[in-house]
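The same subunit A turns up in both complexes below, where it pairs with subunit B and then with subunit C.
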Partner chain A sequence: MHGRLKVKSTEEQKEAKRIEQEKKLKLYTAATEEAFRKRKDGEYDDEALKVSGEILYRNSDFSTMWNFRKEIFLHMNDNKNEDELQELFDSELDFLEACLKYNPKSYGTWHHRCFVLDTMPRPDWEKELKLCNLFLQYDERNFHCWDYRRFIVKRSQVTPEAELEFTTNKISSNFSNYSSWHYRSKLLPFIHPDPSSPAGVKEDILLQEYEMVQNAFFTDPDDQSAWFYYRWLLGRGKKTVGINCVCCDKIHSKIIVSTTEPVLVPDTVELKVEVDGSHMPMTWRTASNNIGYSNLWISDIPEDFKISGSCTLTLTLGGSSTSCSCELLLQDDSTEECYFHKDTPAIWFRSELSAAATTTLKRELDSVKELHEMEPENKWVLLTSISLMKSLDSHSYEDTIMDELKTLETIDSHRTSYYRDLRSKYLTENILERTDLSKRCLRLRDVGLTVFYHAKLLPLLVELDLSNNRLTSLRDVRHIYCLQRLCVDDNQISKLQGLESIVHLKEISIRNNEIKREEEFQFLRKCPLVVVNIAGNPVCDSVNVNSVLRNILTGLKKIDDIKIS
Partner chain B sequence: MGTPVKDVVISDSAPKSLLLEKHADYIAAYGKKKDDYEYCMTEYLRLSGIYWGLTAMDLVKQLDRMSKEEVLEFVQSCQHECGGFGASTGHDPHLLYTLSAVQVLVLYDAVDCVDVGKVIEFVKTLQEEDGSFTGDKWGEVDTRFSFCAVACLALLGQLDAIDVDKAVDFVTSCQNFDGGFGCRPGSETHAGQIYCCVGMLAITGRLHHVNADLLGWWLCERQLPSGGLNGRPEKLPDLCYSWWVLTSLKIIGRIHWIDKDKLTRFMLACQDEETGGFADRPGDMVTVPHPVWDSGAVVTGGGVTEGHQSCVLHARRDDPPSGHPTGFIMTGTRDRH
Partner chain C sequence: MSAPAPAQEFLKDKHVKFFKRCLQVLPPQYSSLDTSRMTIAFFALSGLDILDSLSEIEADRDNIINWIYSLQLLPDKQETNLDQCGFRGSSTLGNSSDPDKARKAPIPHDSGHIAMTYTALASLLILGDDLSRANKTSILAGLRKLQLQDGSFCPVPAGSENDMRFVYCASCISYILDDWAGIDMPRVLDYIQKSLSYDGAIGQGPGLESHGGSTFCAIASLFLMNQLEKIIPRKQLDRLQRWCILRQESGFQGRPNKPVDTCYSFWVGATLEILGIYDKTDFHCNRSFVLQTQDDIVGGFAKWPGHTPDALHAYFGVCGLSLLGEPGLKTLHPALNMTQRSVDHLETLHRKWRGQS
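Presenting the complex of A and B:
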C-alpha cells in the first residue's frame, strides 16, 4: 500500500504491534487455508462466501479469491431461483460497496462489480450511476470509478449528452478536474463529430469550449488541467499518408521514395512504378534493411528494365484509405531526377485554419496576453501564447516566440531542455518553410539548435550545414539517405552514431566538437569519405587521428585541409 | 483562489547518497521472513515480487545472494496445466504473473525448465476479437495485459503467435487527447499505463503511433518542484513514477526533458536509512515493489547502463529513437493513485 507515513515507535509499541499482527495473520492464514480447501472440495456455499469475503475485505487485490467468489456465484446461478439470486447479488453489491470504501482503488473489486452486474437477473443501472456519483464525490480523480462509470453508461444506454452535462457540472464545481476534461475530449467528437476539424469536433462547439476553458484558466492560471485541454483544442487533426518526395537515381539504379508518415510496404501501402505506362517490378526495402515501418523506401531498378530516352516515371501510393501518385520526367541525359510535393513542408507544420478559427485564435491570443500582463511569471500562459502565435503566423511572430521561449527557460528551469528543443523545432520549421528543398541543400547554421528536427522528411538533401549550434548527437542525420556533404563544426557532439547508414557521404566537417574516443570513427566505416575535418576534438590530442582515419577510410584524400600523399 | 500545488518538502536530514548495501540486505532478507505479516499479505503478487527483487539484486551485482534453485522450483510450481502462471503455488493463472515468470526464467537463462509451448498457447488464448488482451479467463481487459502479452512473447521470441496488428490497433484506440494512454478506450491517461502502451508499441515496432513531443511534454510536466514525479496532473509525487515516467521518456527519446539532479535528490530522500529499501515519498513506509523500480530508475536516470542484458528486450524496428527502447520489462500492476 502506498502513502503510509512512517512513524517512530518505541520498543513496546513495536512489540505490541507484532503481537497484534501475529494474531491477525493467524486468522488470515486460517481463513485462506479454509477457502482453498473449500474450493478444492467444491463447497460453493454460503460459508464459502463468508470466508472469502473476510479475506477480500482486507486484501482486495487477492485475485484468486475473487475468482473463487465468481465460481460460487456461477454455481448458485444454476441452483437458485431468480428472486433468491437477485437478493444474493444485491447483498454482494452491498459487500462490494463496503470493500470499495475501505480500498476504492482495487482493480479486482471494481471488476468483480462488473461481473455481478453482468450476471445478476435484474441489474439496477440507475443505482450504479448514483454509486459512481458518490465515489466521484469522495475522490473526483479515481480513474477506476470513472472507468466503471463508462461501463455503466454503455450497458444502460445513458446518453453521451447527459454525460457531457455531468462533466460540465463537475468542472463548474471545480475547474481543477483533469478526469472531467479528459472525458469531454472523448464525448465531444462523439456527439459533434467533424473529422475534418483539428480535434474532430464541429467548429461552433469548439468555440464554446474555448469560452469554458478560458473561464477555467482565468480563475486558476496555475492549474494544469485546463491548459492541457486548451492545447488539445488548438491541436490539429490526424495526418494522412502521402508522397513527400521521390528520387530516381540512374547512376546507382535506384528509386527512393519518402512518405509523409511511416508506412509498411507492402502491408499498409503499395508502391507501384510505371515507366511510360509499363509496369516496373520493384522490391522495396528500408534504408537499414530492417523489416518495419519507415518513411523511406528504396528499390533497385531491375537490371533487365531499360530506361532509355526521355520518359515519364509514375509512382502510385495506394493504401486502404489513401491513394496518390506523382510523375517524374526523366531526360535522356540526366543522371538523377527528383520530385518534391508542392505543399511540403508547409503542410506538415501549419494547421489549416478557417477564417472563423483565425478570428477566434486572435481573440484568444488577446485574452492570453491580457492574462500574461496580470501573471507575468506564469509559464502556462506564456506557453499557450506561444502555441497561439505559432498557429496564427509562425513567421511574423517568430521573434516574439523565440523571446518567450527564452523566458520560459528561466521561469521553469526544471524543463529547460524541453523549451530549448521546442525552440529548435519551431525555428527549423520556419527555416524549412523558407527553403527551396529542390535545391537539395539546407543551411541551419548558428541558430542555437539543441536537436535537429524533421530529418525524416529530408532524405534527398545532398548538402547540410548544421555548424555552430548546440547539438550533442548525430542520430537524426541517419535519415538523410542522399547526404554527401555534412558540416557540423562547433557543436557538442561526442558520438558519431547515426553516420553509419549514410552511404553516399563524401565530405564531413566535424571540427571543434567533443569526440573523445577513437572507436567513434568506426561509424564512418561504410561512408565513401574523401574529405574529413576533425581538428579541435579531444580525440586529436590522444591519438594519431590521421593514421586511424586512413586505416578505416581507404578513399580519403584530405584531412583538415591537408592532402594525403 | 488558486489550487495549491500538491507536493512534498524534502528535509535537510534526508539521505543524500545511495545506500546500496542496505537495499541489497533489505531484499535479501525479504524472502527469508516467511511468517512476516506484510510478506503473507502480499502473497497474491509473490512471483512479481520475486522478479522485482531479483532484478534489483542483479542491478547491484548481488544476484548470487539469492537461491536460484529455490526460485526456479517455486516458478515451476506456479505453472498451471493451461500454461499460465499464478502469483504463488495454488493461485490462479494470470498474464501478470506469467510475464513475471518468463522474466525470472530469462534472467536465470532457464526458460527450458518450464513448458514454453504452453506459455505461448496461454497468452494466445487471451487475445480478444478486437485485439485486446484479458488478464485471465475472467475477462478483465486492460492495456497492461497487452503489454504483458507482447513482452512475454517477445522474450520467448514468439511475437508472431498473436495478431500483432490487431493488438496494436487496440492499444492505439486507448490513446488520448494529451498523447497518453489509458486502461481501455475512453480511460484517462496515466503514467503507468503510458509505460505499458509505449512499451508495447516499442516491442512491436510501432512507435510512430506516439506523438513523442506531445507525450514527452505531458510526461516532463509530471516533475514537481521537489524534483519528484507524479503519475497524473495535480497529484502527489511518488517514487514509482520515477520508473514509469523515466522509462517512457527514454523509449520516446526525451529523457533529457527531466531535471535529473532534482529527481535524484528526491529519490535518494525516499530511502529508509534504518531498514534499507525505498518509500513512495520521503518519510513514508517502505513498500515492497519500490526497491526494484527505484534502483531501475536510478540506473535509467543516471545513465549508468542502458539496461541489463538479460532482461532487456531489443525491440525489432526500423527506427529506434533512443538507446534500448524497452529497458526493463515490468508490469504496471501496483498503481493506487
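Presenting the complex of A and C:
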C-alpha cells in the first residue's frame, strides 16, 4: 500500500477504475465469506484451497486466511498418499512463488512457505536455494528472503562454507550489499572460531578479510557497508575489571566504589566488604538508582554495624573472570578514608595491544591514511582513521585525532554536535590519563567541552574546574560524591539539576552562564554551601539573588566575593 | 527574480481532516488492511491527539470507544478460551458487535491479535477511557500463550511469524496494564540480547540484519521494562547510538544504503530520543525532508516525496515532527508512541489501580 506514485487520471479513467474496483471488492467479499463458511463447516477440500488462494494472492497480510490454508493442508496430509501430497505441495510452492512475485515482502507468504517445506514429504532444498538466489537478484536487500535463506540452510545440508562463498560472490558483484556483509559476520565466527579474539574469528582469516574489505572501500569509499564490517573486524577485546577507587564516608555512613569497567552488581560481579575480618552486609545501588551496568556503586553502612576505633576495611570484587581486593585503614578520629588503585588511570580507555596486533593496526592505519590522501573529505575514512589511532595511541595521535574530528564537524554537518561530543570525550580521556587523581583535583578548563564525560570514574574528586567550556548541563556532576569545590564559570548552563545530591559541596562558582529561573536554586538546597558565585546570569537581572540564596542556604558566608553580614 | 522556494509550511488543518477521514471511510487501496482496521484507527486517533485536535471527534468519542470494546474477545463462562483472548483487528470474521452476544455465541478460530490488543488499549487511553471494560486477566492469559520458547512473541495463538515487533506490542500491553505477569522476562531479555548485531544495532531476531524498526522495538521494550542499561552495557550503547546517528541523510533511512523514508524520522528518531541524544541530529534537514512528503491537497504524509500519502506514514510523519518540537503539536512519549498527555492519563489510572489493590 505504501509508496504509490501519484498519477493524474482523466474523469473517464477514474470512472472505469471505480467500476472495476467495485467489481473486485464484491468478488473479494464473496470469496472471504465463502472461505469462512467452508472453515466453519470443516470443508477442507480443493475448492477451499482455490477460494483462500484467490484472497491471499491479493491480500497476503490476511493471517487468519493463511491459518485456514494451513489447516487444509494438515487435513489433506492425513488423507492422501505420499505421491499425491508431493504433487499438492509442489503446486502450493508454485502458488507461493506467484504470490511472492506480486508482493515479495509479505511476512505471511514467506512464513507459509516455511510451513510447506517443513510439512511436505520430499522437500527440494536445492530448488529453494535457487529461489532465494532469484529473489535476491530482484532485490538484494530483501530481508525476508535473506531470513528464508537462513531457514533453508538450517534445515538442509548446505554447508556454512558454501554460504560464505555465496556472500563472497554477492559482494564481488556489488560491494555495497550490506546484507551480505551482515551474513558474513555471522558465518565467519562459526566456520573459523577463535573465542580469544574480539570478533571471535581466527587471526589468519581476519587478515584475509582485511584484504577483501579494503578492496571494497578503496573501490567505493562512500559506501558504508564495508566500513561497518571493517570496524567490527578491528574490534578490540574486553578489558578486565578492577577496582578504581573506594571511599568510606563515616559521617554519612556510606561506601562508594568505582570500578574500571561498568559492572552489574550482583549479576556480573560481587562486591564484598569485611571489617576486621567480619562480613558487612551491603545493599549496592547505582548512583542514579537505575537498574543496569555502572562504574559507580553506593551502599549504606548498615545501621546496626558499628565501625568504631581503628579498623581495617577490606573490599573484594569477584566475578567469573576477575577477582581483586583492596584495604582501607580507618582511623578512629577520621571522617573519611579513600583508596586509589596505584595504576589508575594510565590506560583506562585503551586495551593493551600485543606486538602482533599493533603491527596489524599500524598497517591498516597506513592504508586508511593512503585513502585519506586521495579522499580528504570522506567521512567514513576519517571515522575509521580516528578509531584506529585511538586504539593505537590516543596520546601521540592526539592532535591528528582532534583535527580530523574538526574536519568531520564541517564535512558532515548532520552530525556536528555528535562529533563535538566525541571530541569532548576523547580529550577528557587523554587528560584523565595524564592526571594524578590521588591529588583529588581536576582541571578541565578552556578545552571546548560540550559534555562532561566519565564522572562515574571520579567520585573522589574534591575540586573540579570546568570553567570556560561549552557545557549546557551539570547532570553528570552528581556522580562526584566527594566534591567540595566546583567551578563552572563561563559555560552555557541553564539548569542546576545534578547538584541536588552532592552532600559535601561547599563552594560553587557558576558565573556567566544561562540560569534564568530562580527555581533552579532549589537544586542547591541540600548542599552545605558556604560560597556561591552567581554574577553574570540572566536570573540576576530579574530577582534579588542575594535574598533568594540566603533563604535557601542558611550556612552561606559569601556571595560573589562579598561577605554576608 | 527567481521563483520563491516552495513554502515548507506544516499544514495542520489538512492533517486533521486526513485523520478524520481515516476514521470514516477509506479508499480501496486500504482493503488489504481490512483485517487490521484497529491499527488504522490508532494511527488516526493518536495522530489527532498529537495535533491537539481530539475535540474534532468529540461527538463520536463514545461510539469509537464502544466499537473498540466490541473487538475484545472475552472469556466464556467456564473460561475455556482464555488463551484466545485479547482484541481483534476488525469484525471481518463475523463476530457480533455486541460484546455480550459475541460472548454467548462464539465463532470458531476467533482470537485476539497482539498488535490489535496493543493499539486498542492505546486508543482507549487516548480517548480518555479508564480501561474498566478491558478484561486484564484474560488479556494477560492470551499474551502468555503467544510467547515462544526463544522468548519472542507471535501475534496470534494459531501461530504465525514471530519477531521483535510483537515483543514491542507485548511490552506496551504489559506496561499499560501495569502487570508484567504475561511475559517470561528472562526469556524475552535473552531474545533481545541475542538480536544485537555486529554493527551495534538490532535485528528482528537473533542472526538477522539490523533494522531501524526492530531497533526501535527492542530499545523501547527494554526502556518500558526498565532494563535498558542492564541488557545493553555502555560500550554497546555507544555503538548503537553511532549506528542510529549515521542513519540520517536528510530524513532518516531504516537501514544503511536504503532511501530515507518519513516513518524512520519516528523509528530512528524516537530511539535516539530514548537514548537521550536526539538533540545531536540535524533538526532542520529532518523537518525539511518530512515536509517534502506532506500532501498539500489532501493532507497526510507519504513514504517519499511525490507519492500518495497513507495512514501509517501520515501518522509517523506527525510523530517525527512532534519529536522535532514543531509548534502546535503535543509532546510524544517516545517509547509508548502516544502523547505525553495520554501517558499522564495512564499514570493517573496506575496510581488509582495500585491504591485499590
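Heads up, the rule we're going with is that the second predicted complex is superposed on the first by the 498 of 565 C-alpha atoms of A that agree within 3 Å, B and C clash if a C-alpha of one lies under 4 Å from a C-alpha of the other, contacts with A are read in each partner's own complex, and residues count from 1 in each chain.
Here is the rule we go by: a contact is a pair of C-beta atoms (placed from the backbone, for glycine too) under 8 Å apart; a residue touches a chain by one contact, two chains touch by 3 or more.
These figures come from a predicted structure and were not determined experimentally.
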- So if we stack both complexes on subunit A, do subunit B and subunit C clash, or do they fit? clash
- Message: Output check: A:R415 vs subunit B and subunit C. Expected answer is one of first, second, both, neither. What do you get?
- Response: both
- In the overlay, answer first, second, both or neither for which of subunit B and subunit C A:F36 touches. both
- Message: For A:Y57 in the superposed arrangement: first (subunit B), second (subunit C), both or neither?
- Response: neither
- Task: Kindly classify A:F305 by the partners it touches after superposition: subunit B alone (first), subunit C alone (second), both, or neither?
- Result: neither
- Task: Would you check which partner chain A:F218 touches, where first means subunit B only, second means subunit C only, and both and neither mean what they say?
- Result: neither
- Task: Could you say whether A:R141 touches subunit B, subunit C, both of them, or neither, answering first, second, both or neither?
- Result: both
- Query: Which parts of subunit A are touched by subunit B and by subunit C alike?
  - Reply: 1-6, 21, 24-25, 28, 36, 59, 61-64, 66-67, 70, 107, 111, 141, 143, 146-147, 150, 176, 178-179, 182-183, 185-186, 199, 223-225, 228-229, 232, 262, 290-294, 413-418, 421
- Task: Name, in rising order, each residue of subunit B that touches subunit A in their complex.
- Result: 1-3, 5, 35, 37, 40-41, 43-45, 86-87, 90-92, 94, 136, 138-140, 142, 176-178, 182-184, 186-190, 205-206, 208, 213-214, 216-218, 220-221, 223, 225, 232-236, 238, 240, 254, 256-259, 262, 272, 279-281, 283-287, 316-319, 322, 335-337
- Residues of subunit A touching subunit C in their complex? 1-6, 21, 24-25, 28, 32, 36, 39-40, 58-64, 66-68, 70, 107-108, 110-111, 141, 143, 146-147, 150, 176, 178-179, 182-183, 185-186, 199, 223-225, 228-229, 231-232, 262, 264, 267, 290-294, 413-418, 421
- Given the complex with subunit A, which residues does subunit C contribute to the contact? 28-36, 92-94, 107-109, 113, 155-156, 158-161, 197-199, 204, 207-211, 226-230, 233-235, 243, 245-246, 248-249, 255-258, 277, 279-282, 285, 302-304, 306-308, 310, 312-313
- Query: Taking the complex as given, what residues does subunit A use to touch subunit B?
  - Reply: 1-6, 21-22, 24-25, 28-29, 36, 59, 61-64, 66-67, 70, 105, 107, 111, 115, 141, 143, 146-147, 150, 176, 178-179, 182-183, 185-186, 199, 219-225, 228-229, 232, 235, 261-262, 286, 288, 290-294, 413-418, 421-422, 425, 475
